[in-house]
Structures are given as C-alpha cells and as structure tokens.
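I'd like to ask some things about the structure below.
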Amino acid sequence: MKKYKALNIYLVLVFIILYAPIFYLIYYSFNSGGTMHGYGHFTLKWYKEVVQDTRLITIVLNTLVIALLSSAISTMLGVVGALAIRTVRRAPVKNTLLTLNNVLIVSPDVIIGASFLILYTIIGIKLGFTSVLLSHIAFSVPIVVLMVLPKLQEMSPTLIDAARDLGARRWDVLSKVILPFIKPGIFAGFFMALTYSLDDFAVTFFVTGNGFSTLSVEIYSLARQGISLTINALSALLFLFTVILVVGYYFIVQYYRKPRRQGAGE
Amino acid sequence: MQTRYKNIYLIPYVLWIVLFVIAPILLIIYYSFFNIEGHLTFDNYIQFFTPVYLKMAASSFWYAFLIMAISLIIAYPTALLLTRTKHKQLWLLLIILPTWINLLLKAYAFLGIFGTYGPANTFLQFIGIGTKQLLFTDFSFLFVSVYIFIPFMILPIFNALEELNPSLIDASRDLGGSPWTTFRRVIFPLTLDGVKSGCQAVFIPALSLFMITRLIAGNRVITLGTAIEEHFLVTQDWGMGATIAVFLIIAMAIIMILTGKRRRG
Amino acid sequence: MKALVRAFILVFIIAFAFMFLSSRLNATQDFAGGGKTLTIYNWGDYIDPQLIKKFEQQTGIQVIYQTFDSNEAMMTKIEQGGTTFDVAVPSDYTISKMKEEHLLIPLDHSQLPNLKYISPRFMNLSFDKGNKYSVPYFWGTVGIVYNADMLGGKKITSWNDLWDKDLKNQILLVDGAREVMGLSLNSLGYSLNDTNEAHLQQAKAKLNQLTPNVKAIVGDEIKMLLANEEAAVGVVWSGDAAEIMSENNKLNYVIPKEGSNLWFDNMVIPKTAKNVKGAHAFINFMLDPKNAAQNAEYVGYSTPNEKALKLLPKDVSTDKRFYPDKATTDKLEVYDNLGKRMLAHYNELFLEFKMHHK
C-alpha cells in the first residue's frame, strides 16, 4: 500500500484542477464588488438575494426535476437499449444501431434543438415541461447506452446460458444475473445523463415555452447584461448541497453495510 | 430461443431511435438540399468541398483527436489510482460532481483563472517563469476542453478496471512479470473496452465543440461545431448548417464502424 | 437489484417532491382574480423587475417573463410557434426580417398615448417607417473602449487608429460579422451597409492586416475581459461600454469619427400574441417617462424617451458619449436588412478573417 502514497499526489492534483474553477466561483460569490474581478470586501448579500428570488428558486427546482426524471427514465431506456444491441447477433445490424445511437451525441445542440422543435410542433406537443423532459430523455439515452454496453459485453455469455439451462426465466436472468453485474455501468450512465441534463442550454432553449425555464437557459440569456454574482451564490449553494448529499448518502450506505462487510478488507 | 429474447428489448429502444434519431436525421438531410433562399439545390454540398470548410474539418478532427488523447493519458492513471483508494465509489462521484455546475459559469471562471492577473499567472510568476499569455492560446483551449470531457473518459475506464479479476494480476506477478509488463500485457488489454467507450464518449462530442472555441480560444480555433452554430443562429442558413451536420454524422458512423470491428467472444 | 430499485424509487420521490414544491411556489405568486397573463420575451436582465411587479399590480395581469440570448434564436422560436409571446424586444435589423416573414402584428397607436414622449429623432426610422410595428426601447452606438493608461496616454479617435502598429495583440473584437466588417468598411470611407463586392473584398483584405493586433474575437465576455484589463482596446456596443466603464474608470469610450452603427432594441407584438390588448398596455406602461427612467437607471442603456431623459441624473443625461447629439447620430447608420444572401456573404468573409492566422 505504501508505494501508492507518492502516486496519490497525482490524484490530489487532478482533484485540485477539477475543483479549481468551482472554488474560484465560490470565492467571488462573497465579493461585494459585483463582478468576478476586483475584490471589494466580504459580503453575504448575493446569498440573501438568492433566497428572496422566488422566480430563481422555481427555476432551480424545475431544473432539478427535469434532471432527475430525465436521467432516471433515460437510464432505464438506455439499459434496455444496451440489452437490445447486445442481443443482436448480426454485425451490420449491431453497427447500424450503434451508429444511430450516437447521432445525438455528435449532432450539435442547436441542430438537435431545432429539429426537436419542428418535431414537436408537427406532433402537436405543447412546449413547456413535457417537451423539455422528452428532449432531455432523448439526448441522454445514447450516453447511458455507451456506459452500459461495455459492461454487458464483458459478461460471459456462458453465464447467462448456464442460468437459462438451470431453468431460470427471462426475468430472473435479468434481475438476478444481468442487472447486478452491470450495476456500475447503470450508475455511471445515470450520473452522465444527469450531467448532460444539467448542462444543456441549446436544446432546452428551443423546446421550452409558456414560462418554463431551466437554470442553464436563464444563465445564458443573462450573458448580455453580465452574469450577476447571485448566480455564483446560487451555484455555491447547489454545490454545497450536492456535496453534502453525496457524501452523506455514501456514508449512510457504508454504515449499514459495515457489519456484513467486515473482514472482507477493502 | 434467441429470437424470443431479442424482440422485447428492441421495441422501446427502436421506438426511441425512430422518433428522436431517424426523424431528426431525415429533417437534417431534407434541409441540407435547400439553399439560403429556399431553392432545391446541391450547392451546399459543393460549398462544403471548398478549402474553407475542408480546412475547418481538418482542424476539428485534429483538435478532437488531441483532446481525446490527452484525456486518455490523464484519465487512465487517475482511474487506476481511484480503484486503489479506500472510498473509491465516493471519489468517483466527486470526479463527476464538478460537471453539474453550469458550463458557462465554469468557462467564465477559467477566463479569470487564466487571465493576465489571474491565479495561474501569479503561480507562474511565483515559480519564476513570469507572466505568459494563457488565454486565447491552444494551451488554454485544450486544457479547458480536456477539463470538460475528462469525466466521460474516467468513468468507463474505472468501471472496466473494477471488473478486472485481481487474481489475474497476482498471477502475472507470481510469474515474474514486472509491474509494467503486467500493465501492458494484462491490465490494459483487458480494459480496452472501457478505453474504447471512453474515447468514443470524448472524441465524438469534441468534434462538434463550440462556445469554448469562442470563450477560451477567442475564435482562434474554428471547428465544424462553431460553423454550424453560426449558420443556424446568425446567418440562418439552415441548409449549410444541416450539410455540415450530415458530414459530422457520416464521420461519426465511420468512426463507430472502424472501432466496433473487433469482436470479442 | 434491490439497491438499484431503491435508488431509482428515491430519485422519483425526490423529483416529485421538488415538483410539488415548485408548484406551491408558483401558486403563492398567482393572482386571485382575472387569470389573465402576458408573456414577455426579452433579453436576460433587460428590465427592472420592480417594474414588472408594478405593472402586475396596476393591471391585475400576471406577467410571464421569458428570456433569449440572440435575435436569431428568438426569431426561430416565434416562427415555429408553439408558445405565446405577447411582447418581444428584437433589434432593428431583426424587425425588418420579421416584417418580411409576417411575424409582427401592427401596433394600434391609439392605445399608446405615451408614444409622444419618444424623441422624434428616434421615430420613423428606416427599419420601420411610421413605427407601424415597433417602439424603441433602448438605443446606442458601436464604438471603441480603450484604456489610456495601458496605451501610455495615447488617445483613440478613429477606426483607423486600430491598425496602429503599437496596438499589437491589444484589441478585442466583438463576435459579430456586421460589426467587424462594418468597422473595416467605415475605415475605408464606405457605408457599413455596402454591398459592392469590390468594396467588401477590400474591407476583408484590410481586416486581414489587422490580425496581428487582434488578441481575440469574443462574445459578451468582452466586458469582463476589458474591465479586467486583459486588453487595452475593445470594439463594443455602447451599452456594454457604459457597464465596463462603471467598473473600471480608467476606460474611455469613443464613437469613431469615420462613422459607425446606430442600433435600437424595440418592443413589438409578435403574431403569436394572445393578449394583444395587454401587450399594448404593457408597451404604453414602459413608455411612461417615470417607468422608462427607472428602467434606464436599472439597465444602464440609453433611453429614447425624451421626458424620461430629463428625469435622469444630469451627469448621465449630458454624457455625450452615451447620449450623442443629433449632429453626431446623423452621421451614424442603422443596419439595413441586406437580405439573407448578402448577410451570409458578410459572415463568410468574417469567417475567413477569423481563420486567417498571423
């Protein structure tokens, strides 16, 4: 274990770089100066503004609802998709499916947004919550497939065959053999979908309407007037909230697992 | 037996493909045959093969490749080290967490960090190199792009490493393999699938990168994504924008087929 | 499997809880009676939120405020339909385009008595003769912001000064084909609406010579970069200039003597409007001198409202840089709608300039 100590410096460095811009944002969220340069003095006024701004809070909630729902649904759809692709035996069909799967990853957001908008107006879906949710599900599916598929391919087919030979029904094979095995891939897909959803601006912009807005759309349209530090403060709060949630959840799960895991050595 | 199994999974997935992939592709192809005045023509395709766009395509591929390569070089050791930490799942989550902060905000933060009076230059001065122009250079562009994409590379590699049977590594070591041989002969080949899906998840979206090209590279780097953006949103020449998109999709298909060829047991 | 199911159920529960919370928050904002709404489509943070509240209280109409980040994106949304926008705030050249595509509803001037407060200078402009469809909201110019300290006391007065060898790697340009091509055309003594191919090529060739001086071509972040002294010179819109200068007092703004662009953001009623009467009421409300002055103070751009200008602090209303007199503005040009093909050509030339390396 000891020789990894030196190597851990590398890991620490990676984390420092990953978090540097975020801490930079948080640092300036306490700036009385009003911009991200020229530090005035410490202030909490931007935080007060966040708390008082009901419109902003509604938008944040909308953003989270869309992100969570779309990630969960697209993860399910993506897992099914990955299973479908794996089950296909013929290489050309497989490649076609994979290529089609990736179209939405390679297409620039504006194009996706514009074509979804046209699609919705043709079908007659009202622009707003539903159209945004549908779009987010749609563009998150491919990344889930990309995350789950390698896991599935690692699974030895004999394992599944064995289960089947032992008389397991399809549902049992799925729930007792396949899903537990690909679980890391599923979670990876879910979190990547969350990332896609939270970050998306262009697609949401095109397909939203009737007063429905997400945080990204709001932030981008603020750019012309200059993004106020209220947004920094808001990001800081969201960031803190997520960190507590993630770390808290992790240790709760650990705590309940511990008695069984002891001795296994991690 | 096989056929009975595949049908049921395909239904929802194919439905998704038809609605949200095939339909938009058809729309894009349809638009690519119209010029700016709305006449049916092949002009857009002819225009794509002029030096301006070919140069742009070449530079897009070059930068996407660089971003992918650098991401891989940084991500692989990171993933490897992560698998050896105590709370690895937690650390992994903490790698993804920064991606949930809005990209535009992070880009603005980078503008400050890399600025003439920013912390990066203060650091350079401190170690005696002196102030350098960091913003609007290839360096800052690649740095920020890698920053954005690296979680997409780390995640699949981490998962592949997790799956690795530790007894294989022990076996290799017992047989007298040096750590490097073990890595080259055992670990790396067995995680190739993860590497591959990481590379796809980085290279493909990097091809159509935009915004960062303006914010961090100050429009010194022009990619196909930037051009599409401009055609859709500034000139409103949807035809030309769609034509470039058609080429991007074709390029992606070729990449998928090439990387997907190797079949494993 | 169990953990998987549990995690997903948890996600759904959290999502629905947030949804409930969000709808509760909306409900508290709702108005008891009427139920009438008005959707305003505007740039982000381009109105004093207090004014929206005031309007809601006065009329009982509930305002839905939605934002966009570019004229073209806004136009696409209105063209496609699917949402109701009652009032939008496009820039001048976009109005010509929207008129062409029949996306606007003519204004009923009898419902806009406050229109009389707009200075006659800003009425009846080329993009909308007789103000049939639009009412000016804010206006401004395109010019040069420079940091005299960083330039060793040097002053900039013209576009041609940008080509000065001393400005190597010191200029930030705004990412707009019309603006950048326009400054080159102006510097050559041509109109910024020129469509003569030889002139355009000449302007493009001259721009290529500017490359060594150009540090970057950027978007809205130009304000932050200039205020932060990343570069000494920037080509910007006057509204942005005012904002930058309020943050960094070493900076100065100049309207180049060869001429420049005069721009307007205007209130219009798009064809998607459902509450046309409410839209008129809102426009009239914003034309009220007191409200217009309050808005101008909040946003920091130049108001076309003559009476409102009198209500602003003296040092603002007499600042020639942001409220240039008629003699100056007469020399400036509003962008003509050059047609899609010409606009595409401008962009093509601009793109080639961007790809031209030092």
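When the chains are written out, they are named A, B and C in that same order, and each has its own residue count from 1.
Criterion: contacts are C-beta pairs under 8 Å (C-beta built on N, C-alpha and C of every residue); 3 or more make two chains touch, one makes a residue touch a chain.
What you see is a predicted model, and the numbers here were worked out from it, not measured in a lab.
Participant: Farthest from subunit B by Cα centre, which chain is it? Let me know.
Facilitator: Using the mean of the C-alpha atoms as each chain's centre, the farthest one from subunit B is C.
Participant: Count the C-beta pairs in contact for A-B and for B-C, then report the pair with the higher count.
Facilitator: A-B
Participant: Please work out the Cα centroid separation of subunit B and subunit C, and write it as a whole number of Å.
Facilitator: 34
Participant: Would you mind pulling out the distance in Å between where the CA atoms of subunit A average out and where those of subunit B do?
Facilitator: That pair's centroid distance is 16 Å.
Participant: If you look at subunit B, which of its residues touch at least two other chains?
Facilitator: Subunit B, residues with two or more chain partners: 108, 112, 115, 117, 232-233.
Participant: For subunit A, jot down the residues that touch at least 2 other chains.
Facilitator: Residues 36-37, 114, 118, 220, 223.
Participant: Enumerate the residues of subunit C that touch no fewer than two other chains.
Facilitator: 73, 76, 219, 221, 224, 228
Participant: Given the complex with subunit A, which residues does subunit C contribute to the contact?
Facilitator: Checking each residue of subunit C against subunit A gives 1, 3-4, 7-8, 11-12, 14-15, 18-19, 21-22, 25-26, 28-29, 39, 43-46, 64-69, 73, 76-77, 80-84, 219-221, 223-224, 227-228, 243, 247-248, 299.
Participant: Going by the contact rule at the top, pick out the subunit C residues touching subunit B in the complex.
Facilitator: Touching subunit B from subunit C are residues 70, 72-73, 75-76, 169, 172, 175, 177, 215-219, 221, 224-225, 228-230, 340-341, 343-344, 347-348, 351-352, 354-355, 357.
Participant: Please name which positions on subunit A make contact with subunit B in the complex.
Facilitator: 4, 7-8, 10-11, 14-15, 17-22, 24-25, 28, 36-37, 77, 80-81, 83-85, 87-89, 91, 94-95, 97-108, 110-112, 114-116, 118-119, 138-139, 141, 143, 146-147, 149-151, 153-154, 156-157, 164, 170, 184-185, 188, 191-192, 194-195, 198-199, 201, 215-216, 219-220, 223, 227, 231-232, 235, 238-239, 242-243, 246-247, 250, 254, 266
Participant: Spell out the residues on subunit B that touch subunit A in their complex, using ranges where they run on.
Facilitator: Residue positions touching the partner: 1-2, 5-6, 9-10, 12-14, 16-17, 19-25, 27-28, 74, 77-78, 81-82, 84-87, 89-91, 93-106, 108-110, 112-113, 115, 117, 119, 147, 150-152, 155-156, 159-160, 162-163, 193-194, 196-197, 200-201, 204-205, 207-208, 210, 225, 228-229, 232-233, 238, 241-242, 245, 248-249, 251-253, 256-257, 260, 263-265.
Participant: Going by the contact rule at the top, pick out the subunit B residues touching subunit C in the complex.
Facilitator: 36-37, 52, 55-56, 108, 111-112, 115-117, 133, 135-136, 214-215, 217-220, 222, 227, 230, 232-237, 240
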